[in-house]
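Both of the next two complexes hold subunit A, though its partner changes from subunit B to subunit C.
Right, the complex of A and B next:
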């Protein structure tokens, strides 16, 4: 099952077009990725509808139509064998296809949450949907980027949309979170740009395939400079995926943002960021020997810090923020071991994480709609007030904790396996210890819901709206069904987990 | 399909319970009772159809489950698992009768209870390591809720402690399972047992350590036992019965089915350590039990002591020792299950478990007194009852191999007599405490849940061969497999 470390080079020599290495003849711009084009146009249209139409219904309908059209386009587009359209800026291979579907799935569930959330004022929801769609485009492009220019633009698209979305609530906390996010984001993207410029100066190219060739041919003192460039770029991406030590913004932003947006931030950019990181590391594969100890150490630190700090949280959104940091730590295992098995495990866990984390946030939205509170105390005795909701939340939390037979367990099983397969026993042990620590704060919520008596006896009102029920139901069904029957998912992913650079 | 039906009985029961309205308490109880009853009948059918003389697994079912990882839905029983399957079905049914005393949230209770039974049965039936692990963990969640919602005392703390301890152990086991898979590329327990003999000693020792941590928490082996008194004491009576009767056996079974066959050389090497741990369990558990003033806590610590004999017998790797260890597991399940039921009967009436609060109950509640004396004597190892056979065979087997450990463990037997007779004395004898002047005797329902256990205890004590013959073939093959690997 193991594939050789490093990646295979494409046979076709790239025709260089200009300094930055744009490639000609890769197809008509946009023709091979109509899904992104549809989503961009749809997003802009929804923004306009949201600004002019009364209520959020028209904008919501337009968003769903856009999403459906995007999904149809993605479904019908012939992807494998890999093609590299848009002047070689993006790469449509099975791997990016998987992430594009992940982005679409995230968007769909987050759209359900945003339309059901009572936090967002109806007057501005239309614009929120439009920004969500644009953010989705950014996520897809991040996963597809085959060129540092595209990678940077996609990341900025995601960042700018999320700065606005985080500040969508008309309250101090939300504005503070948005500002904090913006400042941290600007700093990290500056650092990343610096790294890119260094890399360009050293190698003379920004396209990933050329980078790999150039990096392989660099030696001596230049190799050390390359390492600095790589570390700087890593910092920018680490910010996006909340990797320690660039995680500080996460709890504050998650707490201040509307719950639906937090849900999106906790899944979408993490998945896309990991995809981009993976591709970037492939491009820098010759440096792997120097980068791997750093990455391994950061993986362990990320999961440990996230899980330890989550233990003492009293606000459910902050708790889930630290839980996200912990989960990112697990996800990084798949990256840090740098094997085919690891990449597969990463994808499986991402699918699991999408369903269980978005499901958990759907529960938070439902409880916030009913109680107006996001304190952990709001969950006290919930099992008697809303049994279905509590059951679903318990399933998501147990899945996040990695208890079989839920999907989260399958993913964690494969991740731990990939670590052992690669001979990283310490990493696997660290992840196992972390799982035991994480059990405390996940079961703490279950304890509050099921063991503690409720403060009020009457049922939660309003009970979850149909949209929220749909989100909860589909996430819970996927978490349980795919956990019991993961075979087809694993087969699909083993076909998609081929990372290549053209 | 017999084994699948056995698993399906409680599962279907759970779905029926979930479909019933919350207020239909009688229907919910009846559904649960029927489901566990059918499971018991099917397990007895297994016993009748089982062929002790035939080698290998019987009633085998195998179907692909997760093909990319070569994971199979693979079930089967042999002489090692069959007695435990029947024990599980029996205690599952009797504890379900005892569950009639549950006063609130019936629907949730019985749904979780039946899910627990699925997990317990599946653990003993699975022949695929992945499937085994799923069932093993499946037991955890319902038991966590049973203790946390319907328990008493510091139930939340105890439920959490139980969950964390067991999960931490399970994660060590999970790492061992994964290491095994990436080495042998299979989860099939039979193939793994064959492959395990070829692994080098260092790898076997690491594997054994991982499995040991998982099983040691469950058994529980000193010093991983501290969750046990809390969980056993704070669980509701049916939960305590299943914890002591079945969940502890899952740990012992794990050694027989997984750790010893797959890591034979390591198991041989760690024999002395296992025997020492067994002795510590026996002596430490017995002396701590002697110091208890709480009836339920005393029974809980007696479990630690009794499970020590399982370890001692297992470590000997002689036919007598292994027979004794297996016999002790069954006997302990029956006797201690009954003891917890008896504690529950008393607690339901008096709402206290302090031994000093009772006294002179023997004349007031004669039926109860009869049951209590019977099971106390069985627990302290009176010849003629099942407890004696298990302990005796374990000691006989161990004496030739681990001589001084065996001698020291005799202390535990003496202490067992002391604390059990103390229980009889403090509860039943002496002047009647005036508080219990109106204490009613056992009801028919309580009697019905205890009578079968009494018959089994007596039957196994008088006719031990019935059980020994079932186990014999599988244990002989296990010894040949482990010792032959040298």
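Right, the complex of A and C next:
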């Protein structure tokens, strides 16, 4: 780690080459990120195949091959306790490994959804897969970033791919959502960048470990200037994870985007953004005393606002958007308590959130394929038209609400436990009250599916395709099985969560 | 020019950009204002890299220029899509999604 940083300043050009993955594995001691190189090259290749080949099948096959090769590379790469290849731009430690697997898992399920969704025209679907893979690379790099430049580049890679993906449908709502996302996103990344430049001006360092040392040594009026710079920078990240008061874009963008893309946006960037936020806060740790009251307050406001506004929604994608804001509020607990237990709980809840939220979106895709509607009314009497699908959706919603014995309960239990453990009783109470509020709108959908008479009696057609069944089945199985036997997952995560993040 | 003067310039650019984002209605005007903010940050990086003799920050400024171009490409593509499907390029007429 020291070595990488030491050679950093003199050797900027090779570091630049390293960014595009050209030097992956070559020459740099301790380098271990061929997975990102495979995914980025594969993503570019899939974009080309998607543009030239007829139909989306060749691009889909290439994407699965790329994803499998990336997973194999990640599986076989040795994980040293911590190494920072590419001249300290990224940090490979067990913590980032966990987030890289989360990104790959999200990508795999979203690929299933995108290939099964009838919304996306077959002619452009190939390009959609390529952009998804590139977005996945951005997610991995966000979790690994150990340098302000890498943090910015990774976030922009995620943002630029998602702006395009949101606007993928050839209709007005999708174009509007893309414009809103672009304008809000570009503004917030500009503000974040300005904050980074001020931070650099005040400390003279860009790498996170140097930054931490420099921040610790700053006092007097400069410390107040540092707070301003940190606030500007954190605002950009808060936008990415839709934390109040930077959440306004979320419902509009989630409603206008294709359902598969909404599924990705509600999980991938949230997980990666939380990882980056955790590392940045660690780099700014000397300011923690000033930042933590604000973070605690925003955590409570985020979950309360998300859950309250979700109560009155009539469009299922919009409802899940507000539910996402509420869930981000729960996730922020793990960050706000700033303990190892909190970090572990955050990771467990992220795994749970991945399966239950992507599963819920798989159900939305299935219903949209069958009815063409995304209104809550489309779920009326669904239990009689598609019993299996309704059962799976009920499982995901109950897990999101945190009902035992599902995986969502395990995660939420650990988060509340970590809040109590850190002495933040008010935070735990707020989260518990919010869970009760959230239960209302989640169970309302279940009531519609099971107890309301259907508008049509015939079975949902077409019934979910094999890809969709696979996504639904694996998410439901994971939510149930890991909820009943959480032991192995908890043990794995207790080995991956680390105290030292830099 | 002194460091103080250039800092004043970069902050003025940033303020102009934010003011533009808040007042413009035309999508392209909004994109231009955001560009001002990015350039204010790039100017800061160049200034500080000279002050500290820090090479990495200059690379940062170059990356900002490249990414600003990418953002303009994606932004203009989205504006063209909007003009095709919604027949407008004014941000205040983008009002189908709400609630």
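Heads up, the rule we're going with is that the second predicted complex is superposed on the first by the 469 of 502 C-alpha atoms of A that agree within 3 Å, B and C clash if a C-alpha of one lies under 4 Å from a C-alpha of the other, contacts with A are read in each partner's own complex, and residues count from 1 in each chain.
Throughout what follows, a contact is a pair of C-beta atoms (placed from the backbone, for glycine too) under 8 Å apart; a residue touches a chain by one contact, two chains touch by 3 or more.
All figures in this text were calculated on a predicted structure; none of them were measured in a lab.
Bringing the complexes onto one copy of subunit A puts subunit B beside subunit C with no clash. For subunit A, the partner touching the most residues, choosing from subunit B and subunit C, is C.
In the superposition on chain A, contact of A:416 is made with subunit B only, not with subunit C.
Legend: residue contacts after superposition of the two complexes on their common chain; A:494 is shown touching subunit B, with no touch to subunit C.
By the document's definition of touching, neither partner reaches A:286: not subunit B, not subunit C. Looking at the shared chain after the overlay, A:194 reaches subunit C, while subunit B stays out of its contact range. Look at A:370: by the touch rule set out above, it reaches neither subunit B nor subunit C. Shared-chain residue A:255: touches subunit C; no touch with subunit B.
Centred on subunit A, the angle reaching out to subunit B and subunit C in the chain A superposition, using CA centres, is 140 degrees in steps of 10.
When the two structures are aligned on the shared chain, A:429 is found in touch with subunit B, with no touch to subunit C. Minimum C-alpha separation, subunit B to subunit C, in the superposed model: 25 Å. For the contact definition in use here, the subunit B contact set and the subunit C contact set of subunit A share no residue. Partner subunit A is touched in their complex by these residues of subunit B: 64-69, 133-134, 137-138, 140-141, 144-145, 148-149, 155-156, 159-160, 163-164, 167-168, 171-172, 174-175, 178-179, 181-182. Residues 10, 14, 17-18, 21, 27, 30-31, 34, 37-38, 40-42, 44-45, 47-48, 51-52, 54-57, 59-60, 63-64, 67, 70-71, 74-75, 77-79, 81-82, 84-86, 91, 94, 96-99 of subunit C are the ones that touch subunit A when the two sit in their complex.
Residues 8-9, 12, 15-16, 148-149, 152-153, 156, 160, 163-164, 167, 170-180, 182-183, 186-187, 190-191, 193-194, 196-198, 200-201, 204, 206, 251-252, 255-256, 313-315, 318 of subunit A are the ones that touch subunit C when the two sit in their complex. Considering their complex, residues 398, 403-405, 409, 413, 416-417, 420-421, 428-429, 432-433, 435-436, 439-440, 443, 447, 450-451, 485-487, 490-491, 494 of subunit A touch subunit B.
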